[in-house]
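Consider the two complexes below, in which chain A is the common component and chain B and chain C are the respective partners.
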Partner chain A sequence: MTRIWRRRLADAVLIVLSAAALLAMHRTTPGFDEKTAAFPVKGSLGETVNGRSFSLRLDRVDLATSLTAPVLLGPPKTYTTSGVWVIVHGAITSNVQPMLLRYAGLRTRDGLIYTAVDDRFHSRWLLTQDENYAGISRRGILVFEVPPDRLAGAVLLAGERSFRVRLDSRLEIALGLDESAVRARMASAQAGYRLDGALPQ
Partner chain B sequence: MTRLTDWRRSQRWYLLGLLVLAPVTFWLSASEDWTAYASRNRINPIVVAKGATGDYVDATWRLLAINADESMTLRGGQSAPLPQTLSIVRVRLEVTPRTANALEALGRCRGTLTDARGRRWDANPSEIARRAKSLPTDCQEWLNPKTLKTEQAQEGRPWVFELAYLVPRNATGDVIPEITVPQALPRYLRFER
Partner chain C sequence: MKLLYALDDLRRRPRAWAMSCAAAALVALVTWALGGFEAVPAATLPRPSAGSVITTNQWTLRPLRAWVGESSPAGRKRSDGSKVLILEVDVTSRMPATSNLAGNAFHLSLPGVTGQSQGEPKLLELLRDPSIGADLHPGMTERIAAVWEVAPTAPIPTAVDVTVVNWTFKRQDSLMGSSGWFNPTPIAVVPMPIENRIAPESAPAATPAPAAAPPVALRALPRPRAEVRR
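After this line comes the complex of A and B, so read on.
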């Protein structure tokens, strides 16, 4: 093989290797969504889970077939559901500065997310309402409406910003409900669960 | 060696241009972002030594007192104990605006407390709104609950006011009062204790 052919062969190999490297980089470089995704911080019921800007501890999960909740004007109103009301009790503490818990959702095993219900009834105990202050723990509740067959394995998601938390921590707290626990809880689920009566002291 | 020197000599104007243009290009692309960031964030504190006065937004500022309370006196005069983990920190300040512009700027002033860990609390949270107030609670004006008249700061006259903060009791020892006026950002006032 002459010198010129050897050089051409080396060039061709270099080109193929460069193309392969480019392709590999293209396939493996994370996209915008992955680069700016939330940082999941996982935890479980009863454990204080620390995010960047706030900490959350969930203490108890209650199920109800109907809720009685105060409204802004007029007598308390009863809310029924074709699913089940999930009332999660917990305490939130801001880590740095005054903040609002703007996002709370319940992610089921099949990946569906049910956002916390906080626009239908008025309750100052809802953790998604009112500011939280640094170092001061505030107890309250989060309320979700979920089909009972999707409740087993549900994980509570919480973030300071809106639904699509980006470049910030998102707490993921397992509620610890398996199939048998959901069945047992459903059998004893309350009707007319009073939101203002079940409030933390 | 001679060839390199010749090359440098022949290219000197281009190299000089590069030395000037590279930083200018960098600054042009970054300055807008920096200016926008600086106009929204507190970056440069004006530190006021203990007992001294500070100059900020054409006004003279002084920290008069800082006290922590473990109970809250309500408007009716009765005392409401706070949870054991909480305190109310009352920060009494005096401001003397020197110009009409300063008076206007004071209307948007914001008081904060920070601690050594970088935690921050805003003044006058709604949870302690029912407390008894004997002094203005704002940098510029307030509705006096006794006379039901609005009182305002005036140019050239000292205006004494008191900001209240709800903070964890274990943080009251090292909190630092700060004042921010949005028009003056990125500068803000910090009082040493």
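After this line comes the complex of A and C, so read on.
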């Protein structure tokens, strides 16, 4: 092999290596979603979890096969589901200034996210519907609709921004439900769970 | 003359010519291998009938029936006498998170019908405990109503073609590197008969002749005037 051919071979190898490095960088460089992702703040049922702008404590999880909720005009309406209604009780406190809890979802073990249902019915207890003030704790509920077989291991996500929390803390609070707990709760799930009147105890 | 020059050049630089020809042949070969010489497939979309299951990247859809009525299933009624055109569909979300965008999967085209009866539905309603809006959760099948509006004077159509639109997920878009759904592409056209559920006493709009009358009369007006001026 002459010297010039050796040089050409080296060039070719260098080009292929550079292309491979470029491809690897393109595949592994984090995208906008990853760069601006939320900062997870983990916690569990019963403890107060502190985010940047608010703190949340979850107390109890109830399951129901149907809900009864007031509507603006007329008698209360019953809401059925093909899965199960998950009613999470808790208390929220703003840390700095008046804020709204605009994002709440349940993340299942397989990574699916079930966003809180809050526009189909009116209940003054929905934590996503009213403003929260600094230092004043407000008790209330979050309502989710989930297939029962996906409920075990679910984690509640909460953030101040709607849809996609970016560059802000997002609370991730484990509901502490395993398969046997879900089975037991499903057996005693209530029909016609009332979302109106006094906060369900 | 040029051919002679070329032949002369070929004699003088045979290797360069061989390389060029080889490169051209390689490009042609790759083009052929990627299907570049095949005919573009005909632009006819499949036409599944009502009741068949259509799977898009976002949803599994089963269009069931279409009807025109005075008010939507959740009780919405326009004060100007507009009718609603309802498409009932069983929808299962295939997306990883709750979404209210099922409307982007349907596209209507009703030639000659005015009002908001074109394009994507005006709103979605959940038919379980009828309520406005349809937040569809992953894997949970729901029957929804896609609602379009038909102007009060428009004739009530007897059939409609519903175009099913497929969107593609991009992990990183070209602008921000953010993930999202892009490139809507029609994948099927479902011909649906339209059932007329308008009560007979308000039927005038249902018969095409009186409905078509006002526009015709309006258009006819200037012509006699022009004749008079002449």
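We take it that the second predicted complex is superposed on the first by the 167 of 201 C-alpha atoms of A that agree within 3 Å, B and C clash if a C-alpha of one lies under 4 Å from a C-alpha of the other, contacts with A are read in each partner's own complex, and residues count from 1 in each chain.
The rule is short, and it goes like this: a residue touches a chain if its C-beta (ideal position, glycine included) is under 8 Å from a C-beta of that chain, and two chains touch if they have at least 3 such contacts.
Quick caveat, the model's predicted, so the values are computed rather than measured.
Engineer: Just to be sure I read the superposition right, which of the two partners does A:Asp119 touch: chain B = first, chain C = second, or both, or neither?
Structural biologist: In the superposition, A:Asp119 contacts chain C only.
Engineer: For A:Glu131, using the defined touch cut-off, is the partner it touches chain B, chain C, both, or neither? Pick first, second, both or neither.
Structural biologist: In the superposition, A:Glu131 touches chain B alone.
Engineer: Which partner does A:Pro98 reach: the first (chain B), the second (chain C), both, or neither?
Structural biologist: It touches chain B, and chain C stays clear.
Engineer: For A:Pro147, decide between first (touching chain B), second (touching chain C), both and neither.
Structural biologist: Second partner only.
Engineer: For A:Pro75, select first, second, both or neither according to whether it touches chain B, chain C, the two together, or no partner.
Structural biologist: Neither partner.
Engineer: Which one hits more chain A residues, chain B or chain C?
Structural biologist: The partner that reaches more residues of chain A in the superposed model: C.
Engineer: Do chain B and chain C touch any of the same residues on chain A, and if so, which?
Structural biologist: Comparing the two interfaces on chain A, one with chain B and one with chain C, no residues are shared.
Engineer: Any idea which chain C residues touch chain A in the complex?
Structural biologist: 96-98, 126, 128-129, 131, 133, 135, 137-142, 171-172, 176-179
Engineer: Contact residues on chain B for chain A in the complex?
Structural biologist: The contact residues of chain B facing chain A are 85-86, 118-122, 125, 166-168, 170-171.
Engineer: Once bound in the complex, which stretches of chain A touch chain C?
Structural biologist: It is residues 31-33, 35, 77-83, 105, 111-115, 117, 119-120, 145-147, 150 of chain A that touch chain C.
Engineer: In their complex, what parts of chain A are in touch with chain B?
Structural biologist: 95-98, 131, 133-137
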